[in-house]
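Here is the structure we will look at.
Going in written order, the chains are labelled A, B, C and D, and every chain counts its residues from 1.
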Amino acid sequence: MTVMEQRGAYRPSPPPAWQPRTDPAPLLPDAAPYRVLGTEAAAQADPALLRRLHTELVRGRRYNTQATALTKQGRLAVYPSSTGQEACEVAAALALEDRDWLFPSYRDTLAVVARGVDPVEALTLLRGDWHTGYDPHAHRVAPLSTPLATQLPHAVGLAHAARLKGDDVVALAMVGDGGTSEGDFHEALNFAAVWQAPVVFLVQNNGFAISVPLAKQTAAPTLAHKAVGYGMPGRLVDGNDAAAVHEVLSEAVRHARAGGGPTLVEAVTYRMEAHTNADDDKRYRGDSEVYAWRDHDPVQLLERELTARGLLDEDGVRAARDAAEAFAADLRARMNQDPVLDPADLFAHVYAEPTPQLREQRAQLDAELAAEQEGAH
Amino acid sequence: MTVMEQRGAYRPSPPPAWQPRTDPAPLLPDAAPYRVLGTEAAAQADPALLRRLHTELVRGRRYNTQATALTKQGRLAVYPSSTGQEACEVAAALALEDRDWLFPSYRDTLAVVARGVDPVEALTLLRGDWHTGYDPHAHRVAPLSTPLATQLPHAVGLAHAARLKGDDVVALAMVGDGGTSEGDFHEALNFAAVWQAPVVFLVQNNGFAISVPLAKQTAAPTLAHKAVGYGMPGRLVDGNDAAAVHEVLSEAVRHARAGGGPTLVEAVTYRMEAHTNADDDKRYRGDSEVYAWRDHDPVQLLERELTARGLLDEDGVRAARDAAEAFAADLRARMNQDPVLDPADLFAHVYAEPTPQLREQRAQLDAELAAEQEGAH
Amino acid sequence: MTTVAVKPATMAQALTRALRDAMAADPAVHVLGEDVGTLGGVFRVTDGLAKEFGDDRCTDTPLAEAGILGTAVGMAMYGLRPVVEMQFDAFAYPAFEQLISHVSRMRNRTRGAMPLPITVRVPYGGGIGGVEHHSDSSEAYYMATPGLHVVTPATVADAYGLLRAAIASDDPVVFLEPKRLYWSKDAWNPEEPGTVEPIGRAVVRRSGRSATLITYGPSVPVCLEAAEAARAEGWDLEVVDLRSLVPFDDETVCSSVRRTGRAVVVHESGGFGGPGGEIAARVTERCFHHLEAPVLRVAGFDIPYPPPMLERHHLPGVDRILDAVARLQWEAES
Amino acid sequence: MTTVAVKPATMAQALTRALRDAMAADPAVHVLGEDVGTLGGVFRVTDGLAKEFGDDRCTDTPLAEAGILGTAVGMAMYGLRPVVEMQFDAFAYPAFEQLISHVSRMRNRTRGAMPLPITVRVPYGGGIGGVEHHSDSSEAYYMATPGLHVVTPATVADAYGLLRAAIASDDPVVFLEPKRLYWSKDAWNPEEPGTVEPIGRAVVRRSGRSATLITYGPSVPVCLEAAEAARAEGWDLEVVDLRSLVPFDDETVCSSVRRTGRAVVVHESGGFGGPGGEIAARVTERCFHHLEAPVLRVAGFDIPYPPPMLERHHLPGVDRILDAVARLQWEAES
C-alpha cells in the first residue's frame, strides 16, 4: 500500500453519491486560544516539565537581552529578538525527540539554542561570518531560513522522506504570521496533508510582520482556520503560556508520529521588541499596546503559576537566573572574540568539486591576498 | 476612510480580551453541493433565464465538439475541451454585467465566447496565430491564462483598482481544481479578502488535473472549505446544474458589487473528454467513471427540467440545435481560412517603442524575407 | 540635467521625492509593497507617502511578492500605474513567474491592447553588511527577459530622473536601486529636482583616452575612484555609466570604446552568465577592429553572495579594476 | 561512448531508460512531479516508472512547482536523490525562489554539510508548435545562478549518459531537455546504454578548419546541417556541442577556436543577456589574438517566444547561421 492509498479520497461523484471527504468539524480550531497556566488544566501539568520550562524561559529571556546587547557592541550585525515569544521558542524545541527535525526561521535562534546548538554557532548568520554556523545533521536543525515560508516545504519533504524510509521522525517547522501569506506556506501545507506527512507547522502570530499588523495580513477568523482548507486539524493556543504551547505541540508531534498526519498550530503571542535592532517600532505601534502585553509575559506567567503552587521558591528563581547569567556571560565572552575567517571558504563549498572557473578565481584571490600581505610588510 | 479601515481587525490582544475577528460559521460551505434542477428550488427559477441558459448550453456543447473536430483537421494546434462543464462556462459569462471583467484560464474559451467574443478571436491562442486574438478592453475579458492560477491576482488587482476608482465593477476569475494548489491561488484569495475586493473565484472542480485525480491534489473536505482560511464565504455548487451555478455566481457577484467582498465558489463537475486532444485519458481513468457522469450531463439536466415543466417543446429543442449548428458552421468555415500572419508583429509590441536592438533585428528579418521572396521568383 | 546645487541630498531622498512628485502629478500612480505605508519602507524610500496620499495610494500589502506583482498587473489593466517595492533583491524571486510570464509579455500578448505601465523597484547589490539573501545582484535575470526595461541609477540626480521616467513609461520597468548608494550624497536641489532622464541613454561620467570602464549602479563610484587612482599609473580612464541595461545604449558605449581601443566591464554581479558577458560580446561585435585587447570583465565571483565579513573579498574594488586595466596589453603581444 | 548501434531509439526513450536504471541502481532515487506517475509524464519520459517502482518512488504531486522543488529539498536533506520534473520550461518559474535561494546555495550555506543531490528536469525550447509559455529557452536564468550545474543533451546517447551523471552528481543539476529532440532517433542500443558521461566536457561533433560553431541542445542538429550546407560555399565548419553550460569547458571550446580563428555561437534562447554573450566574451578573452573576426552570435530574437505559426521566423536556422559565417570577415578589412 502506498502512502497515497492509505486514506479515503475526495473524488466527487455525481449526486446523490457525492460526499465530502472528511468531516470538517474536528479540523476547526476552538474559538479561544488554549490555555493551561492560571486555569484548571494547570493542575494536570507535570511539575518537572513546568520547572524545566521555567529554567529554559529564564535563560531564553536572558539570551535575547544578551544578543540585543551584542548588536549595540557591533558583535552582531543584526538581531531579531524573540523577547515575549520565549514560550513558543522553548516549547518548540522541547516538544521534539532527538531524532526529530526543527526548521527555524531567522527569528528562531532561541529555539535552535534550546534544542542544544551552541549559541555562537546559532548566531553565525547574524554575526556575519558564515551563513550557517552549525552542522544541520548533527543537531537535526535545518539552517535558519531568511526567505519567508520557504523552509516549510523542506520540512514536509524531509518528514515525507523519513516516513518512506520507515523512520518515525517528525519535523516541526516555524513561521510567522506574515509568512502565512506566502505561496510556499500554502503549497507546503497542501503537500503535507495530501502526503499525510508527519509535520507540525507552528505559526507564531506575534501581531506584526515588521510594521504590518495582522489586520492587513489576513481577514481570517484566525490563522488556525486555514487548516481545514488543507484537511488538517488547526489548533489555537496562547503562545505566552509555555505549558499550553508545549502540550499542544507535543500532542501534534505524537499525532504526526503515529501516522495521523500534519497539524497547523497558531500560537497567539506578541513581539515585545522592534522587528530587529535596526527597526524603529515607534513608527507603527503605540506603547499602550506593548504595555498591555507586559501583563501577559510568558516568563512571569509561568513563574506566577509555579510560585502559587509551591513548585518554585526564591532559591529556585535565583538558581534559574544565575544559570542564565552564566550562560550569557559565556556567550558574551565568546562573541567578543573575533571569528576566524578563511576567504578560501568562498569557493570551497559552491560545488562538491570546484569548477575550473572557481579554481581560477580562487587563485586570483590568493594572489591578491598575497600581494596585500606583501604590501603590509 | 480607507479601504483597510472599513472592516474590523483580527489583532489579538492578551486574554481575556482576545477574540477572533469574525464568526467562521457563515463562511463554511454546506455539506452538499447546492442544486436547483430537479429540486423544489427549480420552481422559483426564472423561465426566461432557464431557456436562455438552455440555448447557450446547446450552443456551448456544439462549440466544444466543433473545436475538437478542428484539431483533427489541423485547424487548431490543441483544444482543451469543456464538454461536460458547459454549465459552469456559460453561467460564469451570464452572471456578469457588461462592465464586469472575466478572467479565464486556457480551458475557458467557451465562457469567453458566451461573453460575446468572436470564437475565432477566442481560439487564436489555440490555433497558433497569435497569443490573444481579442482586445481585452473591448470585451472586459482578460487574455486566456496558460500558467495556472496566475490570473487570479490579476482579477484581484483589477477589482481593487475599480473599487478605488469608485466603479462598481466585479471581476470573476476561473481556475481548475489543480490550480488551487498553486501559491498564486493562495496569495490572490488572501489579497482579495484583506482588501475586500469585489472578486468571485470560480473553481471548476472537474476531478482531474490532466491525469492527477483530486485525491492527490487535496485532502480538504471540499475545496470550498479553503474560503474560511481567508475570511471569505465558501460556496459549494453542483457544477452541472446551470441554474444552480448561475444563481450562486450571481449572488456572489451581487455580494461583491455591494461591497461585501470576495467569495470562493467550488463547482463540482466532470471533464468528459481527455485533458486536450493530445491527451490519452485511458491511461488514468476507467470508462465506468465517465459513464456515471453521463447521466448527470448539464445539457440534459436542464433540458429535462424545462421539458418536464412545459417550458420547452420539441420545436424549442430543434431551434436551439439549429442555432448551434449555424454557429458551428460559421466557425468551421472561418477557421478553415488561413489566418493572415505578419512577421513584423514579432517586434512591434514588445515595447511601446521598439528598442534600437529590436529595430536592427526586424531589419534583419525583413532582409531575410526579401531574399526568400527573391529566391522564390 | 541643469539642477542647481544647493545642499547635498541622499539617493534615498531623491527617490522619495520622485515618488511623491509622480503621485502628485498623476492620480493613477499607486505605490504598494511590504511595509511601504506606515513604516515608509525598510529603507525609508516611501517615507511620508501614505500620510500625504492616503493608504489607498501607498499600501501595505500582505507579505507575498507574487501577490504584490500579480495584483499590480490587474491594477495596471484597469488603468493605474503601480509602483511596486520588492523589499530586497532575493525577495523578488517569488514574483518571477508573474514578472516573466505576464508583466514582460502582456503588451506583446495582446498586440499592444494591454500595456502594463508597472515599475518594480528592487533594492539590489551588496556592500551593506547584509545577511544572506539581502545582497544579491539579480540584474542578469531581468536582462534576459524581453519586454522589460532595466534601469539603475548611480547618482542622486539620476535616481530622481530615472525613477520619474520609469513611472512615466508605458512599459514595465525593473528599477534597480543600489542599496549601498541609498545614503550617498550629491549636490542636488530637491526644490528643482531636474528634468526626467530618458530611459536608454548611457552617460560618460569621466572622459579619458586610455581605456573605457563600462559600468553601472553601485560600481560607478568605484570605477571613478579607480580612474583617479589610475592617473598615477599613467592611464587616463573613461568611465561610462550605462544607467539603462535594457534598452542598451550601444552608441555611447561603442563610440567611447572606438576612441580608447580598450575596455573593462565592471559590475558586482557574478561574472559567469552576468551582464558583463553580453556587454563585452556586443562591444566586441561592434568594435572588433578598434580593440587593442579583449574586453575584460571585473565582476563578483561565481559564488553565492558571501556573508558580510567576507564580502570585501567578493566585491570588485579599485585594485581589481586596476589589475584588469594592466592586463589590457599595453604593449601588444599579438 | 562505446555504444553498439542496434536499432534506433528516441531521446525520450533513452531518458526513460536512464531514470529506470538510476532508480534500479539506487533506492534513494525518487522521481516526482506533475503527471509523472500514472500518466508517465506529458512527454512520457517517466513512462512505466510508477508501475515498476511504486507510487512512492515515482510520485504524482499536487500542482505546485515551488512545492515540488521545495519538498525535494527536504527529501534530499534526508538522504534521498530526488529527480524533479518541471512540466514545461515556463512552469519552472514558480520554483525559482526555491531554486535560487535554496537549491543552489544549501551546500555553500552549510559549508558542505548539507549537499542537495537534486536533478531538475526541464523540457525546454521551441519548434514543437506549442502555445504560449510552452517553448521558452530559459537557460540564461540557470547559468546566472552559481551552485547549479546546467546540462543539456543533443544526442540520444548523451541523453542517457548525462542524465545518469546528473542523478549521480552530489550537486543540484538543472537538466535541460530539448523538447523538439524528444522524438529524434539515433542508433543507440538500449541494452548496452553506455557509460555515464562526465559533466563538464564539451565534444566536437564535426571537425572542420574554417570556423567553429559553438552550440548545444536543440541547435546542435541545426548546426550540423549548416556545416554540411557550408561545404558548398567552401567552408569547412567545426561544430562543438557544449553539453554542459555549467561548468563550462573552456579547454575544448578554446582549442577549437584557436585552431579555426573564427567562431559563431548558436542558440535558440534570446540573444540579449542570453548564453551567447557569456560564451563569446569568454572565448574572446582567451583567444583574442587568434581571432580573425569577432565571435558572432546567432540566437533567437529579443522577444517573447512567438506563437507557433510564426516560430520558424524566430528560430535560428541554417540560412541564418550561414549568413553569420559569411560575416566572419574572410578577407579581413581590419
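Assume a contact is a pair of C-beta atoms (placed from the backbone, for glycine too) under 8 Å apart; a residue touches a chain by one contact, two chains touch by 3 or more.
Note that the structure is a prediction, hence the values are computed from the model and not measured.
Engineer: Could you find the chain whose CA centre sits the greatest distance from that of chain C?
Structural biologist: So the chain farthest away from chain C turns out to be B.
Engineer: More C-beta pairs touching across which pair, A-C or A-D?
Structural biologist: Looking at contacts between chains, A-D has the larger number.
Engineer: How big is the gap, in whole Å, between where the Cα atoms of chain B centre and where those of chain D centre?
Structural biologist: 36
Engineer: Cα centroid separation between chain A and chain D, in whole Å?
Structural biologist: Using C-alpha averages as centres, the distance is 39 Å.
Engineer: Using the average of all C-alpha atoms in each chain as its centre, how far is it in Å between chain C and chain D?
Structural biologist: Distance between chain centres: 31 Å.
Engineer: Mark out which residues of chain A touch at least two other chains, giving numbers and ranges.
Structural biologist: Counting only residues that touch two or more other chains, chain A contributes 4, 130-131, 147, 181-184, 186-187, 190, 194, 216-218, 345, 350, 355, 357.
Engineer: Identify all positions of chain C at which a residue touches two or more other chains, and write them in rising order.
Structural biologist: Counting only residues that touch two or more other chains, chain C contributes 61-62, 64, 66-67, 90, 93-94, 97, 101, 105, 108-109, 132-133, 146-147, 246, 248, 272, 302-304.
Engineer: Across the complex, what residues on chain A touch chain B?
Structural biologist: 4, 7-15, 17-24, 27-28, 31-33, 35, 181-187, 190, 193-194, 196, 205, 207, 213-222, 225-232, 238, 240, 261, 268, 270, 292-293, 295-296
Engineer: Within their complex, state which residues of chain D touch chain B.
Structural biologist: 34-35, 37-40, 42, 60-64, 66-67, 90-91, 93-94, 129-134, 272, 301-304, 306-310, 313-314, 319-320, 323
Engineer: Can you list the chain C residues touching chain B in their complex?
Structural biologist: Result: residues 30, 54-56, 59, 61-62, 64, 66-67, 69-80, 82, 94, 97-98, 101-102, 105-115, 146-147, 149, 169-171, 200, 246-248, 250-251 of chain C touch chain B.
Engineer: Touching chain D in the complex: which residues of chain C?
Structural biologist: The touching residues are 66, 90, 93-94, 96-97, 100-101, 104-105, 108-109, 132-133, 140-141, 143-147, 246, 248, 269-270, 272-282, 284-285, 288-289, 291, 293-297, 302-304, 333-334.
Engineer: Residues of chain B touching chain C in their complex?
Structural biologist: 2-5, 130-132, 135-137, 142-143, 147, 150, 152-162, 164-165, 171, 183-184, 186-188, 190-191, 194, 345, 348-352, 355-357
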